[in-house]
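One chain, subunit A, appears in both complexes that follow, with subunit B as partner in the first and subunit C in the second.
And then the complex of A and B:
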């Protein structure tokens, strides 16, 4: 019992970190799902969009915006940098889909997947040209400040403020997103295209434009994930590896399912953090991928998905 | 059987092997000679990938894992177990063939993206094991002191004889691949590539065919992995990454999916392309990526398609000249 009481605050601490990573995976996984629902392809460069977002944030946050707004304006410059990153990601998403998706839209999905793979190679190497090979350190709203609270008298839980910020920010983003999809004309058009492209275009929806906007929105989500992750991680080409964890999140939740992406993300993040401390820190990624393969084999429709074996 | 009865593909294959044989002494720079050798080893791997990716149409993104397990099986057999060289190569073939079976059996019921993602995850797991299972694999330090081969009294320790041995292996394996491609299995692979449901409807078993293609790919990757280890004489885990798997897939795509001569052209040329683009300095990898995108989007038949059109164009030119001469 004493052991449990001693361990509990540590476990809570790790779970908070795990859930924060989980939110990041969930955001990237949502991007996969929106594109999957709209056009039935998986964008293999989505992980690299996270990296691009991180770099755009680092580039706009550190030198440019801080100098515009003068010293001591970290708070406001964070939001400006976030906005600039989002605008940049819209461009990245639109241009990418115009180059690697649109000309191939009538080809076999395999061909499109290969072209997104080529985009992934390009983005990684472009990042080396544009921002160099050294990882870039950034700070968020909170820097490396720690948040402490007492857990029912069992001990103190100490986590980075950034983790708490990620949880709150993701929650707000999801509320805004769900309002956007149910209340606005654009959001409803996006849903219509995802349900049935032909019917949507017969109803007068400009389908190619809505698809482009879906790509742009998926890139914004990846970019936001990069911004949220940048203060914890260093920004580097290695950020692209988030992509595979986010697939795992999508698969675990059920590919194409919006709630599934988030739940899957939270599960993957928790599994990763807990297996790092209780199983093996060097094999934590391998454990996540074993979960991925196990799900694909045993429950390919994920936790929330419908059975879609025919279209696998 | 005269040369006229050979198909265009076969003539091109023979031509490529002859050009590669002539190229080595023509290159004076010893570094470029080494790049050419790497190109041949890449071609061994890409011809293996051709079975599963080119012919059967399955996105196999764990090629680096196959290649890495081949290299390590060979390296550990000849160093730790002091096995003779060719037994080590055989160990590599068996190890990667089994790996193909291990990955194939449970996963090949999956299709399209799901298979691709599974193989990416599998490749990462293998990479992490090679990196972290230090007592066996040597961890980050890798395995050093790997031998070059001998066959009876023939020594292949120097680069030049080893190059011609590699080329002979490539020629043999290409011949074997060509024979498989033209057998009933080749036709069945293509049927799975074009339409899995239709293939099933005519009585083929797509899952078994895909496993067979995976195992064939494993055999080639085993040989390629062993030859890579023997070429470098040192292996370490950081080369067997997802980026390399993608690069090998790109070699096949740029060469022209589903064409054997294209696979070899793509691997040799793409191995050289970074060297050719070196004058662009830090831009070269980005330009390289951009070239890949342009070819996939605008020239989906790849180098093979360009080659076919070029030869047709030359043939019509020659014919026209022959016609005018006849008229005069």
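And then the complex of A and C:
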């Protein structure tokens, strides 16, 4: 019992970090799912959108905005830079879909996926040209401040403020998103297009526009993930690897399922952090991918998905 | 001027000619039926008219304007709406939402106004709600408005498709086998509904296999076989046409 009591605060601490990473994976996984539902392809550049978002925020907008607003403006410059990044990601999403998806929309999904792979390679190299090869550090709203609280007298839990912020921010974003999809004209049209593109078009919905907006939204989600991660990680080309973790989250949750993406993300994040502390931090990625392979073999439809027959 | 004018339309899929040099005119205010044996090209015709497939050759005019090059949603804006032979309601939207998304093509307020929720937007939303209520009442689904549409029984999903098409405020409604899978009673109700649609000033292009339905509601019947028009006349005259009887109704004449 004593051992458990001693371990508990540490486990809670790890779990908060894991869930924070999980939120990031969930946001990126949602992007995979919205594009999958709308046009039936996996956008292999989704992870690179995270990186582009991170760079836009940390390397482009934060320095510029901070110099506009002057010193001591960390708060307002964070929110302004976040907003500018979101706008930038709308452009990135719209332009990429116009070049990578739209001309090929009648082709086999595999062809379009290869084209998104090209986009991924392009973005990685574009980032080197635009922002250089050195990783960029940024402090975000909280810098390296720690949040401490007492856990029922068992000990003190210490986590980065940024982790707590990620949890709260993601929760608010999801509430807004759910209202958007159930209440607004655009949100309902996006759902209609996701469920039956042809029927939507024949009910007067401008489907090419809605698909472009879906890509834009998926890339906003990835960009926000990049902004949230930037203060914890350094922003570098390696950020694109988030895409693979988020893909794992999508598979675990069930591809195309909105709740699945989030649950999958939280699971992957927790597994990653717990295996880093209790197994080996060297193998944490390997363990996550073992989970991916296990799901692909044993439960390819994921936790929430419906069984699909056939393959790409 | 005819509401819809189809001139020498041909639709080929590889070597298969699904529609072969077909011309017809749908006059405003009539119920115009298209019948023919299975595989005669009836659904292909609707797909060409609504812009799902581009015709291989020929032209389609709606209210005197060529529409061949337009995308499906642009034709809906001009006033064409359709239902589907194989039901295509949006399964995870509610009954009300299915009809609501189809009303959106008649709304004008943009993203900025919607974000600010201007007075015009609020008015427009009220108008959308009224139209949706009206469409649901019209087909008799008002009490099921909150249901997930996939949980409706088959015949009611067909009615939902009609309500959804009506919500786009069409001038021409194309019904692709609306009676398929309906019971005799439901089919009779459908006949009444189609006439009520026409009485609202909406022209109807109707495709179906149910002869009794076709013969009781239509003003004009076009008969196609192997993609070619073989007859076009009033229901009574078409039933007596020897070629129609041979091609479609069988040597022993009309069976219902």
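As a working rule, the second predicted complex is superposed on the first by the 308 of 312 C-alpha atoms of A that agree within 3 Å, B and C clash if a C-alpha of one lies under 4 Å from a C-alpha of the other, contacts with A are read in each partner's own complex, and residues count from 1 in each chain.
Convention: a contact is a pair of C-beta atoms (placed from the backbone, for glycine too) under 8 Å apart; a residue touches a chain by one contact, two chains touch by 3 or more.
Values in this document were obtained by computation on a predicted structure and should not be read as measured data.
Student: Mind working out whether A:186 is in touch with subunit B, subunit C, both or neither, as first, second, both or neither?
Tutor: After superposition on chain A, A:186 lies in contact with subunit C alone.
Student: If we overlay the two complexes on their shared chain A, which of subunit B and subunit C does A:289 touch? Say first, second, both or neither.
Tutor: In the superposition, A:289 touches subunit B alone.
Student: Just to be sure I read the superposition right, which of the two partners does A:104 touch: subunit B = first, subunit C = second, or both, or neither?
Tutor: first
Student: Check the residue A:113 against both partner chains and state whether it touches subunit B (first), subunit C (second), both, or neither.
Tutor: Only subunit B is touched by A:113; subunit C is not.
Student: If you count the residues of subunit A that each partner touches, which comes out higher, subunit B or subunit C?
Tutor: So, of the two partners, B touches more residues of subunit A.
Student: Tell me which partner A:178 touches in the superposition: subunit B (first), subunit C (second), both or neither.
Tutor: Touch partners of A:178: none, neither subunit B nor subunit C.
Student: State whether A:202 touches subunit B only (first), subunit C only (second), both chains, or neither.
Tutor: second
Student: Going by the contact rule set out above, which residues of subunit A touch subunit C in the complex?
Tutor: Against subunit C, the touching part of subunit A is residues 184-186, 188-189, 191-192, 195-196, 198-208.
Student: Over in the complex, which subunit A residues touch subunit B? Could you list them?
Tutor: Subunit A residues touching subunit B: 41-42, 44, 99-100, 103-104, 107, 109-111, 113-115, 117-126, 128-129, 244, 247-248, 251, 282-283, 285-286, 289-290, 292-293, 296-297, 300, 312.
Student: So in the complex, which bits of subunit B are touching subunit A?
Tutor: So the residues of subunit B touching subunit A come out as 57, 59, 106-107, 110-114, 116-118, 120-122, 124-125, 128-129, 131-132, 243, 246-247, 249-250, 253, 282-283, 285-286, 288-290, 292-293, 296-298, 300.
Student: Which positions of subunit C touch subunit A when the two form their complex?
Tutor: Touching subunit A: residues 50, 52, 71-73, 76-77, 81-82, 84, 88-93, 97-98, 100-102, 104-107, 111, 114, 164-165, 168 of subunit C.
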